[in-house]
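Shared chain: subunit A. Partners: subunit B in the first complex, subunit C in the second.
Entry: the complex of A and B
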């Protein structure tokens, strides 16, 4: 091999998987500009105290953190965030599994049904929020009228305008849109299960319910764990439906950590305080997902 | 079954399988699943575009748009404005009638000057957020700011005084601007802070008492003059018409929204109270303030339940759909109710707003320039940003947008109250004082209200925050039963604690 050929080969080596740096650079640059830099900027922002009248920001590292931990509204928001996540996730998981079991068939027409499950997923969440805002309107909303007709709620009752029912109302939109996501993941898991254990169980006289609890669920545990992790992280950051449907109200009945941060940011223009709440949300997401992965031995 | 056949039959399952096995990312998974529903998605995006209320149907004849402006102003635009040909100016605004009409008229300005104008129309809270970010970073992303009256003090340091600018930049001064033509109460209530103009008055929705004549005739009622008469009439209508789905009145009581704060302010003023005292303490929790709030709680009982989830848009809908026959709210509702396709066309009437039965608190006893009175104004101004990179071009546009001809034509197009005295008396505006789209038949009453009853919220830098967060959020907690056990005093005390602390922290 001549010297020039060696040189050329060395140059080309940079284009192989042994030298990933050039290939990683564009993605890394984007990550730094749109991910790392804003995060560092937000953390630094939390160290300042903003004077609302003069707009001056003074270095006072503990001010915002003391303020949010002493703020009952933040604790309410944290509680709403956790309740929203746990309840919506439970519904999505149970409904997702049930629907997946129903759709797990090769019979004619089931393919179309499975395809239709994706439809809610492609609607922008803001549009879903608007749809449910109208459907839950006590005066003319189809869902509200249906519930009122059953006698569960008084005539004209505003589901989203009452603190007792607003959060469930928002969850309805969330559950409707994201249950199909669970269905698709569960279906994938169900279709990948080996047939032999089920055949053996049937020969031994196991009922379908026993087979589900003794075989299906244990074998699906990893799939379920991943699905719960993905949806859980999304739910902890819930914002879209709340913003569109209730704007955190009535009162603070649907205020989550992210919507509280949004209100401080857009309403009071207190960027340092809003950044503190946002960073707190990030910490919550990282902590809960890490604990969850440890417990359920999920590896990413 | 071959892999290809399997793949064809179970494309989605396969994608999900890949995803759970971490062979593809969440993004790729959603992309694949989206392929199946792409048609539906497009359909919904189409719906999204159409969901925005097309206000043009509420407006008058398009004849207003066909006129080509004042010849003297047009010549000035050609001579002076064309020097800035190719410049693009931007501002962001709520979808108020004057902005929507101006958005339609701006082509005339561009045709004469070559200056492009981009108007971003977004919800009110986003207007505030965008303007706030712009001034905080001194970015100059927006050349003009649309400022609600409650934000004027907050942005006072970020805009040019138009009167001073008009004198200082004589070469850019529009002929016939006639500053004296702007209604004095509007200038003082809206545009002036700390002795100088922050911008030019641009829009003036103002509280007006409106009623359905047919319903009042049916029950032999007379339009109310006082808050007590208002309550009595509302209760009569509610008792008589609840079987027909009609309520006593309608409120814009959406928790956490500025609209609720506007309603609350009015009832406090009507009961002899104010938001601040002269020593700059929150006074919504004094005796008058509590009476005002209790009055509002009574009104809520005879209002559509959706009131607690409604802003001014929802309240307007209540009037348009026949749910209410009496309301104390924005005069800007009126033209919409008279629109061509309205079910209540010609039925609504307007009068000066109901007054409290006790004297209004004197301006000298209220704080931060607050003016307690019977008609809460929700006006706005157009202001020129100090950080604009195209300040001269934007200044030319601003003068044109606030000129006599354009303001009058905006009124003709939208039926809303003008800022200029000449517009009120313009023969074209007078000719439209009849029932129909873009009606101006309520404007003589509005002029009377502006001159006699206009009230104003406090002018202070923190007001934008208080009026969008602390006050309406706590009121929402009270009105929807989330907190305070229905006790108005407890709610007001909670607000007082938060507001007084913030005022003290800011060193005001």
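Entry: the complex of A and C
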């Protein structure tokens, strides 16, 4: 091979399958056109002020940002988002762990129970939301009727129609659908644990509770952290259940950042303001997930 | 752990009970979907099994029949007019086409990327990996407004052209599925021993040939699992479809339109809802083995 031939081969190299470029190009193109470009466009949009009367957009970089930070509705939405995330996550994690421990058995029939437990994961969340809307109806919903029968709530009480109980009502659908996610991951973690430490602990007279806190939990920490991270990110951008069950209401009682952005968008078409709230959601997700990954040293 | 017999029995019973509690809502929807209206809206008691089952809700939502006609035929009154809005056949078609198309697009772009990430050493590999992963963390709300504007500008909205509307949804769903597909496929490709394709390349095969003839066939179970997961995620997606399309109504978007100012059509909602979960139930049983790996983006294996 002459020098010029080698040079020519180098130049053409990136077009052949030996070079990573052709392999990565389709995915990169998709991510640039439908991910990076809209994201930049959304960020730029937040720098414009929409004049409601003339419907023109004027460059005014701080207008939307000062507006949303002075907006009590945004702070409420932020607070709802964080409360929703933390409470639902705690329930899902604790219930998920307990159910995983319960179902972690090689006895006959448990395989079927474990398979059944995964079914809620594939239901469209909008469908789940509608179905819980039915079951939580104060006058004929089966769950609401059962709660009312215990005397905790007055007859005909509308769980989703009262601001005090609307958010917990939405969370019920969320917890029902995604606790199985935790169960599934915790089960995978439990099944991968080595047997020897537990046998040794049993010989030393450790109780099952001690073994759980001293052995199971520490050995499962990586698995738990990954599950919390993935679920937490999804919870921070919660939208589906809220949209179909309460549409952020009553009033703004169940408004999260994502649903607030959607309401601005559908309501008064103030795209710049809606984009600001949407970008704030992104910032929140990035901040919390980065801090979480640093503290717990998780890597996906 | 060995338990004594009564304890073991208690555990079995508790395990069955807890699973039952989680299955109950699904059972209740399916039951409600075959109830006549009087049993659904009974304010005095909860109706369990003492009703005459009806298929009317399925006939209207899945077969597009007219409720008033069905009611007249059955001799139970005049029925209510205007049930065309509950005919969900076009929504099921929309959902099916978009989900299948999105899965195909995802796989076409994700498989090569996953292969490169699994087999090639190159500058910027980690950057690319984090880019893909970062995509999974992005809230869809952050990109949807500019996309609506862009689609409008390109004439790609479903109101401009129905088929382009399908394509538009497929592409954005493909983006949403991409992180899970790439990372999951990478983990499956990593499982194929590298010696095999290195040996083939020493024998003069190009990368493309080793990929097509060795790596891809050896990882086909994983590819199938990734495709099934992409289908499920597309089938269940709600936000993007809600914001992006008007005429095209995927099933999750359609079902929430059954909430009307005059009352919620619970019969139709439960019928369509029950029908909408069936594809997922079938598919999930097929990928049971790879589910954990898929849901954790390839980082946990079962």
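We adopt the following convention: the second predicted complex is superposed on the first by the 282 of 300 C-alpha atoms of A that agree within 3 Å, B and C clash if a C-alpha of one lies under 4 Å from a C-alpha of the other, contacts with A are read in each partner's own complex, and residues count from 1 in each chain.
Keep this in mind: contacts are C-beta pairs under 8 Å (C-beta built on N, C-alpha and C of every residue); 3 or more make two chains touch, one makes a residue touch a chain.
Keep in mind the model is a prediction, meaning the values are calculated, not measured.
**Q** Applying the touch criterion given at the start, work out whether A:237 contacts subunit B, subunit C, both or neither, answering first, second, both or neither.
**A** second
**Q** Can you tell me whether subunit B or subunit C touches more residues on subunit A?
**A** C
**Q** Examine A:274 and indicate which partner it touches, taking first as subunit B and second as subunit C; both and neither are also allowed.
**A** second
**Q** Taking the superposition as given, does A:263 touch the first partner, subunit B, the second, subunit C, both, or neither?
**A** So A:263 only meets subunit B here.
**Q** Using the touch definition from the top, say if A:249 reaches subunit B (first), subunit C (second), both or neither.
**A** The first partner, subunit B, only.
**Q** With both complexes overlaid on chain A, does A:157 touch subunit B (first), subunit C (second), both or neither?
**A** A:157: touches subunit B, not subunit C.
**Q** Does subunit B (first) or subunit C (second) touch A:226, or do both, or does neither?
**A** both
**Q** Output check: A:90 vs subunit B and subunit C. Expected answer is one of first, second, both, neither. What do you get?
**A** neither
**Q** Touch test for A:52: subunit B only (first), subunit C only (second), both, or neither?
**A** first
**Q** Does the superposition put A:123 against subunit B (first), subunit C (second), both, or neither?
**A** both
**Q** Once the complexes are superposed, what residues of subunit A are shared between the subunit B interface and the subunit C interface?
**A** Comparing the two interfaces on subunit A, one with subunit B and one with subunit C, the shared residues are 115, 117-119, 121-124, 126-127, 130, 139, 184-185, 187-189, 191-192, 223, 226-227, 230, 265, 271, 300.
**Q** Please name which positions on subunit B make contact with subunit A in the complex.
**A** Going through subunit B, the ones touching subunit A are 9-10, 12-20, 22, 26, 30, 33-34, 36-38, 40-41, 44-45, 47-48, 51, 125-126, 128-129, 132, 135-136, 254-257, 304-310, 321, 323, 460-462, 464-465, 468-469, 473-474, 476-483, 502, 505-508.
**Q** Would you tell me which residues of subunit A are touching subunit B in their complex?
**A** Residue list for subunit A touching subunit B: 51-55, 111, 114-115, 117-119, 121-124, 126-127, 130, 137-139, 156-158, 160-164, 166, 184-185, 187-189, 191-192, 222-223, 226-227, 230, 246-253, 263-271, 300.
**Q** Help me check something: in the complex, which residues belonging to subunit A touch subunit C?
**A** Subunit A reaches subunit C through residues 16-18, 20, 22-24, 26-31, 34-35, 37-39, 41-42, 45, 99, 102-103, 105, 107, 109-110, 113, 115-135, 139-140, 142, 145, 176, 179-181, 184-185, 187-189, 191-192, 208, 223, 226-227, 230, 233, 236-237, 239-240, 243-244, 257-258, 261-262, 265, 271, 274-275, 278-279, 281-282, 285-286, 289, 299-300.
**Q** Can you list the subunit C residues touching subunit A in their complex?
**A** 1, 8, 11-12, 14-16, 18-19, 22-23, 25-26, 28-29, 32, 40-43, 46, 105, 108-110, 112-113, 115-116, 120, 122, 125, 128, 131-133, 135-147, 149-150, 171-172, 174-175, 178, 182-183, 206-208, 211, 232, 235-239, 242-243, 251-253, 255-256, 258-259, 264, 266, 269-270, 273, 276-277, 280-281, 283-285, 288, 291-292, 295-297, 299-302
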